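First subunit A sits with subunit B, and in the next complex the same chain sits with subunit C.
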Partner chain A sequence: MKKSTKLWLIVLLIWSLSPLIWQLYSSFCTTDVLIKPFEIHSNRWTLDNYKQILNADIGFSKYIINSTIVGISTTFLTILIAIPGSYSLARLPVKIHNLTRSLILIAALSPYVLLFLALLEMARKFNLANNLILLSLPYSALSLPLALLLLASAFKDIPKELEEASRIEGLSSFQTVRFILLPLIKPSIASTAILVFLFSWNEYPIALSWLSNPEALTLPVAIARLAGSSIYSVPYGAYAAATVLGSIPLLLIVLIFQRQIVSGLTNGAIKG
Partner chain B sequence: MIILLVPSLLLLFLVFGIPFFRYIWLSLHSFSVSTSLIPINNNGANWIRLINDERFWQDVIQTARFAILSVSLEIIIALCIALLLNQSWKGKGLIRAITLLPWALPTTIMALGWRWIFNNPYGPIEQFLSLVNLSELNILSSPYLTWIATVVADVWKTTPFVALILLAGLQTIPNDLYEALYIEGGNARDALLKITIPLLKPYLFISMIFRFSQAFGVFDLIQVMTGGGPAGSTESLALYAYLNAMRFLDFGYSSTIVIGSFIILVVICITSWIILKQTIYLVKQ
Partner chain C sequence: MTLILRKISRKFGRRIILNNLNLEVREGEILALLGPSGCGKSTTLRIIAGLERPDTGEILINGANMTHIPPVDRKIGMVFQNYALFPHLSVGENLSLGLNIRGVPNKQIQVRVSSILGLMKLDDHVNKLPAELSGGQRQRVALARALLRDPSIYLLDEPMSNLDAQLREDLRPELRSLITSENKPVVYVTHDQNEAMALANRIAILNNGVIEQIDTPQDIYKNPKTYFVASFIGSPKINTVNQSNEILSAVRPEDIYFSEEGLNCKVLAREWHGKNQIIILDCSKGILRMICDVDTKIPTNTKVSWDKDKVYRFNINTGKRSILTT
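== the complex of A and B ==
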């Protein structure tokens, strides 16, 4: 590796990690240290921030569980709807296929934040608010464009001859999909699932308008509430502890599924 | 066969289609607390109000400047990162994962983090400035600086995403092209300007469109990091629409802002598309 490359890599790592490391550092500091970092303190380090967050009326772990519930149910529902949908999309006649695909592409590109008001009205009208499983309905719809585009391109890559062969061998359409096609697009399903999970774990505006019950908040909403409670209050350590705890699950996901995330994102850009 | 697509299309219509028509309908009605939450046709009064609403137009400018600056910076930095990562060495996967991390974290978490980093007087930046005896910058209470701070936070968060897409583009460029160029006596600058960027154009284009439309709808970051302040200097269109609905409970006007923002986004996209095409045409001549 060239020396300059190494140098730039270090710059890149510092740029990506320093805000996170600063949060980690703050979360273990006592309030005095945070206020006057350059003076000498007898007790610099503390775990109080974490205790405060975890022993609050609603422990922080509750929000992590809530987000996990939403994440898993959304992923499951999206994949369930998107597999047959994308198969059909991939096999449509070219003209209809292109038209449907461009409509889906427009939906994928538009800033979905603007939908919050209409979705809020729906939640009120049909009494869907404050239910984590029902929240996966709008979430699935919002992740569908990406899921459809990714899976349809995977289905399209499979040669038609393979399907014809399995038909000649006497397999029904269902069997063909189940035993021939699905195993072949497994990697695409995996990366789609991870991306959908990340989206629903991190989503904020819709969750903000659908969830009001403090027990049902997802992680991003809970964090934002914490922030809103007192803008200029100094005891920041607890906030930092919350951001660290909230980052750990995602850190693990990124480290474990890095390959799937990258291939999902890049396929989405190239073929979408 | 097409029946398999029906659930998807139904769900998409429910969540993308119906709201669109609902917004248009609502934007033509008074629908707020003062009408006891009963929609009353008001003959386009919302739209006249929108056109004369200085706060709306200020937010248009603020949202546009935020989106333009952050997307341009993101593209430039992402191109550098992609070029850097497009070389092979040991431990590449780990470095890619670390680079990706900011993108994977919830926006609200890091918006809170950045608010602390820019905090006055306790955040690290202000502490550092006071250590070297520079006057306080007061970043998050100056209307001229705060929006730059939000751009920094946004660039930090979304550059990895753009970088990955550009990296995928780089990997489609065959190496022979570069070899041929160097044999012909070209240098690294030629390689970048004559091979890399022209062949990367579709990827640059798709990430630019996607990022611009997302940045134009910026909400999480602004709401948590600055709350739209100071003095409304960072308020975005999405936040203004949100405030109208949730704080002022004026759903009719909020819908008008939503449709108005959408129209402006489409106009900006089409205009820049035409300008881009014209410039490419002129450059080619």
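== the complex of A and C ==
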């Protein structure tokens, strides 16, 4: 690697990591330090922020579990629907494929907050509120356009001869998808899953309106509720601790899936 | 075992891909489908395999009508142009997948796979992924997969086009003996006339979805029935030497020679090809290419001639060969 490249990488790393490091640093600091960061303090370090949020009436771990439940069920449901959906999308005749893809793209790009009221009405009418699994319904619906587009392009990249060869070998459509196509698009499934999980992990407006039971809140809503008794006191330390805790599961998931995102699997399919 | 295609037609939208195609491949015979790209040769192969349906016509394998039978039940051994090996499966898994799906007992699978690996000299590569193999090895795996199916017919779609020229020549005899050893019909699609000439018992020349001629390699070359066949086969291309009264006359480059009397020419270029040389000439009839021995000297007064009986005549409108009695 060239020296200048290395230097740029380091600059970029600092640029993107510094907010996270500042967050981590803040979470271990007392409130006084955060207000006057450049003065000398006798007791700079503390675990109070963590103790505060973990020992609250409803421990913070509860929210992490809630968010994990929503995240996993959303991801599962989305991928489950997106696989057959995107496969069919990829195999549509070119014209219909392009039209359908454009429509899905429009859906993927439109701001979902516009659906906020309608979703709230539906939650009321069909009694969907305060249920973490049911919350994954709107989440999956909102994630599907992106998931469909990503997976469809992955399916399209697989040479059609592979499918034909598997038909000649006697595999049914289901077996072809299961034994040939899915293993080949595993990297795309993994990255799509991460994006979907991330969306559900971060989502705020719908969670805010669908969940009112304090036991059933997801992380973003719970963090927002940390705000102190008056609007003048902002619990920076607690916020920082909450975001640090809330990021850990995400980091873990990315690390686990990272091994799956080994591209280059299809390299041997075409001539070499 | 035989393969018969009867009156096969296929359109994509308004474009006619195949028009009323008739074909018969006998057992143990290699039939090469030869033609320029887009002539319909790959479509023909895919229709035989069942990967595509003809609009009209029927496919008979051993007398049984297979037109509406799915690919797996046609007992086809197919080798794709890009081999279509499953990239995430090892060589061994690539070979055993189909047998597994068809419910062949495990022990039998092992025996059959290892015997074919031995035959193909792939023993050392059982556990490798296709990406770890060379082009020639991949082609052998693809062929092994086709052989393992114990098919009624073999379909090969430009199986050598991804190999370099040297390897292609080396593999030809091997390929030939492998696919003909079982006395089954073989359909071999290629756009390479040398390969077709070298491998096939008969060649079918396709152009715009129509078979122009089916004949032995020798006859295709010596007795082309249409101008298209005459100009498609042979390198350098056949020379057009005259055009009059709706009759086009053409002469093969090797039939042109220098002579005292004849057509006045100017030498434009010479190309050395080892034993032969190609001389490119400019004359009143246009550009002519002649092929002759490297020792042939170019005379100072360049005149070329050819024997009357070496001239091929074609009808300009129909493109068909016209035998003139003069």
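We take it that the second predicted complex is superposed on the first by the 213 of 272 C-alpha atoms of A that agree within 3 Å, B and C clash if a C-alpha of one lies under 4 Å from a C-alpha of the other, contacts with A are read in each partner's own complex, and residues count from 1 in each chain.
Going forward, a residue touches a chain if its C-beta (ideal position, glycine included) is under 8 Å from a C-beta of that chain, and two chains touch if they have at least 3 such contacts.
Computed from a predicted model, the values in this text were never measured in an experiment.
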Partner chain in contact with A:Q258 - subunit B first, subunit C second, else both or neither: first
Which superposed partner A:W8 touches (first subunit B, second subunit C, both, neither): first
Which superposed partner A:Q175 touches (first subunit B, second subunit C, both, neither): second
Which of subunit B and subunit C A:E164 touches, first, second, both or neither: second
Partner chain(s) touched by A:A82 [first = subunit B, second = subunit C, both, neither]: first
Between subunit B and subunit C, more extensive residue contact with subunit A: B
A:P145 touches, of subunit B and subunit C: first, second, both or neither? first
Partner chain in contact with A:S209 - subunit B first, subunit C second, else both or neither: first
First (subunit B), second (subunit C), both or neither touched by A:V113: first
Common interface residues of subunit A - those touching subunit B in one complex and subunit C in the other: 265-266, 269-270, 272
Touching residues (chain side subunit B, partner subunit A) in the complex: 1-5, 7-9, 11-12, 14-16, 18-19, 22-23, 80-81, 84, 87, 89, 93, 95-102, 104-117, 119, 122, 124, 127, 131, 156, 160-161, 164-165, 167-169, 172, 203, 206-207, 209-210, 213-214, 216-220, 223-224, 227, 238, 241-242, 245-246, 251, 254-255, 258, 261-262, 265
Partner subunit A, residues of subunit C touching it in the complex: 46, 49, 51, 70-72, 76, 78, 80-88, 97-98, 101-102, 129-133, 135, 138, 145, 149, 162
For the subunit A and subunit B complex, residues of the former touching the latter: 1, 5, 8-9, 12-13, 15-17, 19-20, 22-23, 26, 34-35, 37-38, 81-82, 84-89, 91-92, 100, 104, 107, 109-121, 137-138, 140-142, 144-145, 148, 198, 201-202, 204-205, 209, 219-221, 223-224, 226-228, 231, 234, 236, 239-240, 242-243, 246-247, 250-251, 253-255, 258-259, 261-262, 265-266, 269-270, 272
Interfacial residue positions of subunit A with respect to subunit C in the complex: 159, 161-162, 164-171, 175, 179-180, 183-184, 265-272
